[in-house]
Amino acid sequence: MINPEQYPILIVIVPFLSAFFLSITGCFKRSLCRPIALLALFGAAAAAVGSLHRVITTGIIHYRLGGWPPPFGIEYVIDHLNGLVLVVITLVALLAAIFSGKSVERELPGKEPLFYALFLLLVVGLLGMTITGDAFNLYVLLEISSLTAYALIAIGQDRAIHASFNYLIIGTIGASFYLLGVGHLYIMTGSLNMADLASILPQLYGSKAILTAFLLILIGVWTKMAFFPLHTWLPNSYTYAPTATSCLVAPLMTKVAVYIMIRMMFSVFTPAYVFHHLAMAPVVIWMAIAAIVGGSLLALSQRDFKKMLTYLIVAEVGYMVGGIWLANRLGITGAILHIVNDAFMTLCLFLAAGTIIHRTGGHHFDNLKGLFHQMPLTMTAFTIGALSMIGVPPTAGFFSKWYLILGSIQAGRYEFVAALLFSSLVNAVLFFRLLEISYFEKPPHQENTAHGPVSMVAEAPLTMLVPLLVSAITLIVLGIYSGELVTKIIQFAVPAGI
Amino acid sequence: MTDTVTSIIPLLAVLVSLAAVVPILLSRKRPNLREGWTFAAGLTKLGLVYAMVGPVLSGKVLTYRLVEVMPGISVAFRVDAMGLLFALVASILWLATTAYAIGYMRGLNEHSQTRFFSFFAVALSATIGVAFAANLFTLYLFYEMLSLATYPLVTHHQDQEARMSGRKYLTYILGTSIGLVLPAMIITYHLTGTLEFSPGGILAGHVSGPLLTMLILMFVLGFAKAAIMPMHGWLPAAMVAPTPVSALLHAVAVVKVGAFSIFRVMTGIFGTGFLLSQHQNQLIIILAAVTVITASLIALTQDGLKRRLAFSTIGQLSYIILGAALLSPKGMLGGLLHIAMHAFGKITLFFCAGAIFVATGKKNISEMAGIGRRMPITMIAFLIGAMSVIGLPPTGGFISKWYLVLGTLEADQPLMLAVLLGSSLLNAAYFMPVFYRAFFCPPEESGFADRFNEAPVWCVAPLVFSSLMSLGLFFYPQPFFNLARLAVQAFTG
Amino acid sequence: MLEFILAKYNYWIYILIMMIGLYAMLAKNNLIKKIIGMGIFQTAIIIFYVSAGAKRGGTIPIIEHAHGAEGNAVDVLHYINPLPHVLMLTAIVVSVGTLGVALALALRIYGRYNSLEEDEILDRIDQDETATETTGALPTTMIQS
Amino acid sequence: MIWQIDLLILTLIVICGFCTIVVKDLLGAAVIFGAYSFLMCLLWTEMGAVDVAFTEASVGAGVSTVLFFAAVHRTTRHVKMKPSGRLMGKTIGLAAAGLMGCVLLYATTDFPSWADPNSPASTHVSPRYITGTIPDTSVPNMVTSVLADYRGFDTMFETAVILTAGLAVLIILGQTGNRSPLPISRLPQGPITQGYDDTIIRFITRIMTPFLQLFALYVIAHGHHSPGGGFQGGVILGATFILMSISYDLRMVTNRFNERTNLLLANTGLLIYSGIGALCLILGANFLDYSALAKILPGTTTITARSEAMLGVEIGVALAVMAIVILIYNNLVSNGTYENGL
C-alpha cells in the first residue's frame, strides 16, 4: 500500500505528526494519548525495519526532501550504519513507551498528554539526527531532542530541576560547538550536505579552519554523549529524572551521539584524515580509558543503584569512543555492535530499575532488599542485563567486548585491553553487590498498614514486566545472532579504507 | 583417521536438563512430580550420552554446529572420547545425586527446593556443554554458565556465611575467567584466527617464548575451578553449600570442569607435541605438584569433614593436571581415568558426610568417634571411597594412580613419582583415622548409642551405589579405560 | 593593514563575544546571568554565520523587479548569500526556545530553593541530602509534591 | 555595506555584552541585553541580513527581553555580591574561554576575508538559490524560498523546536497533583482586575493593537516579496497580546487565549505545516515537494504551487509561533499559575 520509496520519511514523520495529533487529542480525551504514542512508535519501527531491509537487499537509500537535489535541498541517507541505529532507536523507544504507562500515571499524574507529546518529539529528534544527510538539519533535531530531554528530566524528583538546568547549560554549549563547527565547514566549503562536504573537504585537509571545525564538532558531540571529563551533567540528570524519561533517555541519547561522531568522522571527514592526518588517536584512547576507569570507579562509590547505572553509561561511552579510535575494522565493528548492545543493555537495566522504583518507591541500595523473593522475574531480567554489562556469554555484551578487545590487541593498545577487562571486573563487583543485597537481605519490615496492605512488594504489572522481559531476551538473542548482525549489516557499516 | 558425523544428539544431551527447568518450575507445588521430572531428565540424558559411546568407541566423532556467533567462532559441539568420558561420569552421577538430594533436602526440610533443583539441572547442562564443547568459545560459554548457575546453589542457605562464601566463590571463579581466560582466549584467536580444538593443537608455530609461558599460566590459573594453588581458596569456602551440591559439583562437575578445561586447552589448543617441543610443561608440573602436597598437608589439619574432603579434592584435581602436564601417553591416560575414578570415590565420601549430617547433625571429625556402630553401611562406603581416593586396590582409584605413576616414569620425572607416592601416604593419613575412630574407638569415647540408625534410604542408596561403582571399576574399567585410551591416541597421533 | 583588520574584524569580535558568553555560562554564580551568557554565546555564532554570508557589493537577498522583467538574468554577485540567513533564523528561534525552557527551570529552582545563586542552591541540596540521611528515611519522594 | 558602521556596531556590541555580564542588577542586565540584541539587529541590517534582523528585533530584542523581565519579576533582581566557592568555576570558565578563543583565532587565519564575493560560501551552493528562486518557486525573497522550500524541512523542525519549548515550559511550570494541567479554562473568567491604572498606556495600547496585528498579518502574507514571514509575523502577533497583558492584566489575555486554545493553535499550526508536506506525499511526490500540489490547487503550475504552498506553511508557522510565545510568556510571568502577571 505504501510505496517503499517513502519509508525513510515515514520513520520520522509518523511520530512527528502523531505528536501534534496526540497533543490536540489530549486536550479532549487524555486516555487516548498513550495508544496514539504506541501506534506512532510502532509505525516508525515498522518503517525503520522496512528501510533496513531495503538497505540490505538493494543498497543505500537516498531520499530528497522537497524533491530538491542535494546539496541544495536536504537529503535523507540510510546506509547500513544508520539503518541499524534507526531500528534500535525505534524498538527501544517502543519498549520504553509500553513500559512507561504505569509509571507516568504514578509519577506525573495529569501530565500524560504533554509527556507523550514530548516523548514522541524526543524520539523524532533522535531519529532525525540519525537519518539525516545534512549537517545543519542534524543541529535542529539535536536541539529538539535536547529541549525535550531537559523538560522530561526536569519533571522528576526535586533535585532533577537543578540537574536539568546544568544539563541545559552544558548541552547548549555542546550543541553550539557543533553548530560552530558546521559553520567553519560551511565558510570553507559553502556546503552543508554531508556527502557534498566529503567530496570537497579532501582538498582542504591542510587547513587550520577545517581542523578547528573537526575539533569543535568532536567536542560538541562529546559533550552530548557525556564523554569523560565532559560527563558531569549526566549522572544527576538521569538519576533524578522520572522513571519513564530515564528509560528512554538513558539507552538512546549517548548512543545517538556516538553514532553522530562516527558519521562525522567517516562520512564527512575520512578515516585517512582522522587517523593519519591528525595524530590524536592515542590521546582519545587515553581519554576513553579515563572514561572507562573513572566511570567504573565512580559507579563503585554509589549507594544508589540508579545513579550507579548512570555512571556505567559514562564508562560504556568510553568503550564505544575508544573502539572507534582504535582505527581498525575490529574496533569499529565492536563499537558499532556495542551501540546496539548497549542500547538494549541499558534499556534492560533501566527498565528493571524503573520496575523496582515503581514497586519500592526509591532507588537506594536498601530498596533492593529481599527483591529476589518478591520480584523474581524482574530480578531475573536485571541479572541478565547485569551479565551482559559484565560481558558473560551468551549475552550481547560479551560479543561487543570481544571485538573491542580483539581490535585493541590488533592495534597494539594493551592499555585499552586492560581498561576493558578492569571495567568488566568492576561491573561484576558492582552488580553482584546489588544481587547479593536483593538475594540475601530480608526486606525491610513495613509497618504502616493503616492505609492498606503495603506489607509485601509484589511483582510488577504486566505492562512493565513484558517490555522488561522482552529487552532481557533480546540481549540473549542479540548475543547469539551477533555473528549474523556483523556479517549482514555491520561489516558494511565500517567505512572503507580501514 | 576418525570420521566426523553430524549428529544432534550432543545438543540434545546438553539441552535436556536445561529444558527440564521449565517443568520443574511449573510443578513447584508438587514435589514428587518435580523430582520425577528431574529423574526423567537425568535418565534421558544418561541414555543420550550412552547412545554415543558405541559410535565414539568405533572411532567416530559426533559434531553439531549450532550457530556462528562471530567469524570463525561458533557455538558447536564435538563429541570425542575425552568429552564423552567426562559426560558419562557426570550423567551417571547426576542420577545418583538426584536421588541423594531428595533424601538430603527432604530430610533436612530445606527451603526453596524448587530453585535448588532448577539450578542443579542448569549446572548439569553446563557441565555436559563443557564436555562436548568443540571449541574454546563454547567451552568458555558453558564454563561461565556453570559458574553462575552454581552460585545460588552454593549460597543456598542465604545466611551471612553463605553470602561471604558466595562472594569468595564468584571472586575467584568469575574474576579469573574474565581476567585471565578471556584475554588468553582473545589472544589465541588473535594469533590463530580460530578457537577450534584440534588434536594437534592450534597454537603451534604462532607463539613462543615468554608469551607462550604467559598464555599457559593464564589458562592454567584462569580455570580456577581446577583449584590449582593459589586459586584454590574458593573450594573450602564453597563447602557451606548443601551436601548434594558439594558432592556433585565440588567433587565432580565444577572442579572436574576446571581440570577438564585445562586438559582440553593443553591438548586441543596448545597441543602436546608443541608443548613438549617448547619444554613448557615443567612449570605446570611444579604448580600441580606443589598443590598436591600442600593440599594434602592442609587436609590433615582440618577437623570439619567436608573441609577435609575439600582439601583432598584440591590435591586430587592436581593429579589430573599433573597427568596432563606430564605429556606422556600413560600419564595422560592416568589423568583422564582419574577424572572418572576420583569422581566415584569422592562423591561417595561426600554422600557419607552428608548422610552423617542428616542422621546426626555432626559436621566435625572429632565428634564422629564411634559412629560406625550406628551407621555401619555409611562408614563402610566411606572406607571404599577413601581407598579409591588413596589409590588402593581393589578400587578404581588404583588404576588411575597406577597409570599416573607409570606416566611419571615414562616422562622421566622421578621427583613426581615421589610426589605421587608421598601424597598417597598423606591421603591415607587423613582418611584412615576417620574410619578408624568410627569403628574402633573405645566405647566410652563414643558419642553414639550402638543402635543401628542410618540416614534415610534415599541418602544411603546412592552412596552404596557409588561405592559399589568404585569397587566395580577396579574389576571392569573397560568403558572408561577404552575411552581414555582412545582420547590419548587422538592427542598423540 | 586596514585591509587585514577589515578582513578579519568580524571574526575577532565574534570570538570575543563568544568568550564572554562561555565565561558567563561556566563561571557566573547567578542562574539568570548564566542564561544571559547563553544568549550572548548563541548570538556570537549568529554573527559568525551572517558574516560568512556577507558579500561585498551585494544587496539584500530579495530579487528586484522579479515579476514583469522576465528573462533578466539574475547576477549572483548582486545579491548576498541567503543561506546563512535562513540557518540563523533557525538558530534565533532555537535560542529563544532554549531561553524559555531555561527561564522556566530557573523559576522552578527559585521556587524550590528560594535562590538564584548556584552556591546557595548547592548548599540547600546538601542540606536536603543530609536531612534524609539522618532521619533514615528512604528517598521515596518519587511523586513530587 | 559601510564598514565604518560595522566596526562601530561591533565595538558597541562587545561593550554591551561585557556590561550585561558585569552589572549587578538582573533587571539592568536584562535591559542591557535588550540593547545588545537591538545592536545585533542593526548589525544584521547593515550586513544585509534583513530577515535575520527582523527576527532578531522581534524575538531577540522583543520577546526575549520581556521573558527576562517576567522571570526577574517572578524571582529577584538581586545578585549576590561575593558568592562563595566560585574560584573553581571561574578558573574553569577562564580556561575554557581562553582555550576556545585561541583555537577559534587560530582558525580565522585560514578564513576567506570578510565579504569576499569569491569565498566558497558565496560560490558553491548559494548561487543556485539566487538564480533559481524565481524560476523554481517564483518567490523573489530568496530567504523565504530557501526557508520554506529548499530547506523547508529544517524550518518544519524549527517550528517544532518552538512548540517543544512551549510544551517544555508548560510541563516544567505546570503544577501537578491537585490540579489537572489542561483544564478547559485555567481560571475563572473573572473581571479584569485593576492593577496599574495607567490610562495613557492603556489607551495607546488599545489604539495600537489593531494596527500592530494588521502589520503582523502583512508581514506574514508579504514575506514572499519583502523581509518577513511566518516567524516574524507570528512573534509580532504574539507580542501584541503580551503588550495587552502588560498594560492591562494577564487575565485580559488568558480570557482570550487560555492554555487549551494556545495548545490547539500551536499544534494546528504544525499540523498545517507537516500536513502540507504529507499531502505532497499522498499525491505521490516526496515529502514537502510542493510541486505535487499543482494537481489540486486550481490555476497553478508546479512552480506557482510552490509559492502558494509556502504561504500555507508560513501561516502554519505563524499560528504556532504566536500561540507558543503567548503560552511561554503567560507561564513564565505567572510562574505557571496564570494568576497575575507583570
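A few notes on this one:
A, B, C and D are the chain letters, set down in written order, and residue numbers restart from 1 in every chain.
Just so it is clear, a contact is a pair of C-beta atoms (placed from the backbone, for glycine too) under 8 Å apart; a residue touches a chain by one contact, two chains touch by 3 or more.
These numbers were taken from a predicted model, which means no experiment stands behind them.
A summary of chain positions shows that the Cα centroid lying nearest the centre of all protein Cα atoms is that of chain A. Ranked by number of C-beta pairs in contact, the top chain pair is C-D.
The chain with its C-alpha centre at the largest distance from the centre of chain C is B.
A straight line joining the Cα centres of chain B and chain C is 68 Å long. Note on chain placement: the centre of chain A and the centre of chain C lie 26 Å apart, centres being C-alpha means. With centres defined as mean CA coordinates, chain B is found 44 Å away from chain A. Remark: chain C and chain D have CA centroids separated by 12 Å (rounded to whole angstrom). Across the assembly, chain A contributes residues 136, 140, 143, 147, 150-151, 154-155, 161, 180, 186-187, 192 that each touch 2 or more other chains.
Residue positions 18, 22, 25, 52, 83-84, 87, 90, 94, 97-98, 101, 105-106, 108, 143-144 of chain C are each in touch with at least two other chains. Multi-chain contact residues of chain B, defined as those touching 2 or more other chains: none present. Arrangement of the chains shown, judged by which pairs touch: an irregular graph that fits none of the line, ring, star or complete shapes. Across the whole structure, chains are in contact as follows: A-B, A-C, A-D, C-D.
Residue ranges of chain A in contact with chain C, taken from their complex: 106-107, 136, 140, 143, 147, 150-151, 154-159, 161-162, 164-165, 168-169, 172-173, 176, 179-180, 183, 186-187, 192, 242-243, 304, 357, 361-364, 366-367. Chain contact summary for the complex, chain D toward chain C: residues 1, 3, 6-7, 10-11, 13-14, 17-18, 20-21, 26, 29-30, 33, 36-37, 40, 43-44, 47-52, 55-56, 59-60, 63-64, 67-68, 70-72, 74-76, 79-80, 83-86, 89-90, 92-94, 96-98, 100-101, 104-105, 108, 111, 113-117, 119, 121-122, 125-127, 129-131, 133-134, 138, 140-143, 146-147, 151, 154-155, 158-159, 161-162, 164-166, 168-169, 172-173, 176-177, 225-227, 231, 328, 331-332, 335-336.
Residues 3, 6-13, 15-30, 32-33, 36-37, 39-40, 43, 46-47, 50-64, 66-67, 73-74, 76-77, 79-90, 92-101, 103-108, 110-111, 116-120, 143-145 of chain C touch chain D in their complex. Interface of chain A with chain B (complex): residues 387, 390-394, 399, 402-403, 405-406, 409-410, 417, 421, 424-425, 428, 432, 436, 439-440, 479-484, 486-487. Taken together, the chain D residues at the contact with chain A in this complex read 103-104, 106-112, 119-126, 128-129, 132, 149-154, 157-158, 160-161, 163-165, 167-172, 174, 176-177, 179-182, 260, 263-264, 267-268, 270-271, 274-275, 277-278, 281, 285-291.
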